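Two complexes are shown next, each including chain A; its partner changes from chain B in the first to chain C in the second.
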Partner chain A sequence: MLIELRDVFFSYLSHTPFQVQALEGISLSIHRGESIGIVGRTGCGKSTLAQHLNGLLLPEAGQVLVNGIDTRTRGAASKDIRKKVGLVFQYPEDQFFEESVFKEIAFAPRNMGIEGKELEEKVQWAMEMVGLDFTGLKDKSPFELSGGQMRRVAIASILSMQPEVLVLDEPTAGLDPQGKRLILGKLQELREKHGLTLVIISHSMEDLARIVERIIIMDRGKIAFDGSIRQAFSQGDFIKQFGILPPVVSQVASLLRSRGFPVNPEVLTPAELAEEIRVKVMEKKERGSCWVEA
Partner chain B sequence: MLGRSVVIGQYVPLDSPIHRLDPRVKILFVGITIVGLFLVEQWLAFLALGVFLLVLMFQAHLPFGYVLRSLKPILFLLLFTLVLHLFFTPGHYLLEYGPIRISLEGLERGLFIIVRLCLLIVATALLTLTTSPVELTDGMEYLLNPFKRWGFPAHELAMMMTIAIRFIPTLLQEADRILKAQKARGMDFESGGLLQRARNLIPLLVPLFINSFKRAEDLAIAMESRCYRGGVGRTRLRVLTMRTGDYVFLLFSLGIVVLVKILPFPW
Partner chain C sequence: MIGFRNVSFWYSEEFTSERPQEILNNITFSLREREFVVLLGKNGSGKSTLAKHCNGLLLPKRGEVLVDGMDTRKEEYLWEIRRKVGLVFQNPDNQLIATTVEEDVAFGPENLGLPPAEIRLRVEEALEIVGMRGYERKEPHTLSGGQKQKVAIAGVLAMHPDYLVLDEATSMLDPEGREELMQLLLKLKNTITVFHITHQVEEAVYADRVMVIGGGKIVAEGAPREVFSLGEKIVEWGLELPQVTETALLLKKMYPTHFAILPLRVEELVEELC
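Coming up: the complex of A and B.
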């Protein structure tokens, strides 16, 4: 078990009249190699939860354990936790300050005390992981890149620490469709080829359907659902009460079912749905009968 | 998220007769009181003005601690003034120890200045604690309006102040976010020597500046698309109107200050 949250409570502006309860008794565990989506309405505590995973925020009650180490441990351990759990904030390109892409990506490993040849290797590796050309881009200013490239530099600037878990807050927000596809593809690759554990906060169910297997639905600081994404999206009515609309594919599947066409409700991608329909149509042809169920 | 309910400035949003006063009146009141404080020379006069301010404070429903807290930043200044006067005023010496001499006149002068400064701060605190920043800038704009004739940019100044105040919470929120983002990249803001700590500010300040410039551009476009073209011919949402109470208060405080000045206090 990589990360474990035990009954975590957290509130902003505590001990003032403006106190806002952000997390109310969150318990969950994240295992190595998993890919998890966190969804819910704005203000439901997703980002607060994300910041607990690497110890940026510390629970008021309860415990967060990363590799068995409490995030409240001070000193070297806390730095180690930040290295193991890389957190990519929303609009991460807002944090750029260096004059070159290389320096920007080298910032995190430098803070970890890595210099010289090893540093260059890490930066190069991180850039390759997100599909950026090392020699062509390393000396450019991060501010003259396109939106999609900036986002990838920002992700690379966390990857360069070689974290075990990558937590991303809205990684595709504000990108064009091509930029979105590219980033999702790279994240998928990182997980499949390098065993990176992914935790993705998103409002785009389509994005999550592509790369995530487990989904956590949050509602007013609590976990409302924690399970397989196929299961969640096949229960459109249940998840709607938490402000979540399943992706179009799932909606089409459930519409087909409600009209008597028995497709599997747990299809996630257009390809899966198409295949499901093809198979069902072929079956019908073979049997030469009607598929309307009793 | 952190910045969303940060209280700006010192304003305590309550409902009291003092809160309801026209901001212009309150600004003028502070002006009058400050002039009064610098004109009077007797202890009893100070006492009278002190009591007057205290009464207003209770009228404003302000807890005593709030007003005291506004004195905290100038504590050092107060002590410094006292020490300076104690040691460097010639006269009847109370204590002599080598070159260090404390005179009776020094003690009196020192305490005098301290009381004057304290009352000054309390008077301004009465304004800032009971007037929201928006009201304050509105009032300033009105009061500075006559000087427009000589090219004084009253509206522009007030608009700048309003915008600055408006963006304080935004900036705080942004700083918090960037700080966390850099911490997530292993930045250590807490350790290191003075030079290292100063250098540590770069990853915080550079993004903060860049984002502020971007935001300023956006704001300019947003204002222009709502046809903002400076103060000429602009009407207001909140029109400040002087009520009878406002005039009464203004005359009353003016009267008190004048009275305190001309009354022949024995000491």
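Coming up: the complex of A and C.
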């Protein structure tokens, strides 16, 4: 097991009249190679949870273990945790400060004492991982890039530490569909080819449907659901109470089922839905067995 | 009516000799009364630049923008144009300035120099429309993103505008906030013109008219069904198809006689099949 949370509690402004309980008894395990989506309303505790995964925030009660090491451990072990679990914030490009893409991405490995040829290799590797042209872009100012490119520079700057887990807070926010597709495709590749574990916070169920297998729904600091994304999206009424709207394809599948067509409620993409409709609706119709409303 | 006539715009780069790139390139279109128009375009396509031309925040380098006949370049019309055309931006945190919701909504009408009783009336009315009555004394920072956007819209409505322009106003909201905001826009279009700029194609399904901007030009325009029937082209412009439409187009390849009318919404696809 890679990361384990045991009954974690956290609050902001604690010991003041304005105390806000952000996490209330969270327990969960993240295994190597998993891809997990974390969803829920604004303010449900998603980002707070993410910041616990690499020890950026420390639990007030309970424990977070990364490879068996408590995130509250001081010294070398805690540094190691930050290296293993890379965190990409929301709108990470707002935090750019270096004059070139190379320096931006080299910042973390440099801090770890890596220089020269090894540094260059790490930066080049990280840029290739997110599909950025090393020679063409390394000397450019990160601020000259498009929104999608900037986002990929930000992800590369975390990848340059070669983490085992990548935690991303709204990685596609503000990007157009093309930019989104590219980022999601690259993340998918990182997981499939390089065994990276992914934890993605997102408001876009369509995005998550493309890339994660497991979903955690948060509600007021607690876990309301933890299981397969297909299962979650096939239960539209259940997840709606937590502010989650299932993707349009799931809505079509569930409406077809209510009309008596036995389509699989766990479809996630238009291609899967079209295939289900072909087999379960069109072929039946062609055989002449017309369905009456159930 | 807001009319764009052959509008071109570029950001001046005083320090280069290169010919600046035209962000808007000879754009002509109109927004009519009580119309709900969605403008789609990928990042960098000129969407936001276009939005800022609607109320004279940016002025055309060539061509003209007329708001009910008033040229945005004429300074004497500026106040009236800004009252008629309200803009709401992407980040809800950057738009609310006062310490309470009601003060924030009252900011615009106060600047119009209206009597206090009228201001109070307008604030109540605007908060009623956006469904935020009961939040008058709340501090804006305690609201959710969707609620903040609704307050920002209330602030615009309190000016009694004729046009509401939203520049990616849904992009930072959670699904519930986004859904609520779309419902509000559909309600508003019965009384004012709504011009909604986004790259969420699912939001365009509800529009009276959809325009696609690419490389500074309007590359497609029409009813949502017409525009999305362009299929692959939409993807080439960096956008995507609504999931219902994508599913229907996949099925149409196998069953060419079906889907003579392309479905856009969940119910439409299901009706076609049943």
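Quick note on the criterion: the second predicted complex is superposed on the first by the 282 of 294 C-alpha atoms of A that agree within 3 Å, B and C clash if a C-alpha of one lies under 4 Å from a C-alpha of the other, contacts with A are read in each partner's own complex, and residues count from 1 in each chain.
The definition used in the following text is that a residue touches a chain if its C-beta (ideal position, glycine included) is under 8 Å from a C-beta of that chain, and two chains touch if they have at least 3 such contacts.
As the structure is a prediction and not an experimental result, all values here were calculated from the model.
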Request  = Based on the superposed arrangement, let me know which partner A:273 touches: chain B (first), chain C (second), both, or neither?
outcome  = second
Chosen between chain B and chain C, the partner touching more chain A residues is C
Applying the touch criterion given at the start, work out whether A:56 contacts chain B, chain C, both or neither, answering first, second, both or neither.
first
Open item on the list: I'd like to know which partner A:162 touches here: chain B for first, chain C for second, both or neither.
Closed with: neither
Q) Touching A:108 in the superposition: chain B (first), chain C (second), both, neither? A) first
Per the contact definition in the header, classify A:282: touching chain B only (first), chain C only (second), both, or neither. second
I'd like to know which partner A:234 touches here: chain B for first, chain C for second, both or neither.
neither
In the overlay, answer first, second, both or neither for which of chain B and chain C A:94 touches. first
Chain B and chain C footprints on chain A meet at residues none
Listed in rising order, the residues of chain A that touch chain C in the complex are 40-43, 146-148, 173-179, 181, 203, 205-206, 243-245, 247-249, 251-252, 255-256, 259, 261, 270-271, 273-274, 277-278, 281-282, 291, 293
Chain A partner, complex, touching residues on chain B are 1-2, 5, 174, 177-178, 180-188, 202-203, 206-207, 210-211
In the complex, chain A touches chain B at residues 12-13, 18, 22, 47-48, 51, 54, 56, 79, 82-83, 86-89, 92, 94-97, 107-109, 111-112, 143, 157-158, 161
Residue set of chain C touching chain A in the complex reads 41-44, 90, 144-146, 168, 171-179, 199, 201-202, 238-240, 242-244, 246-247, 250-251, 254-255, 266-267, 269-270, 273-274
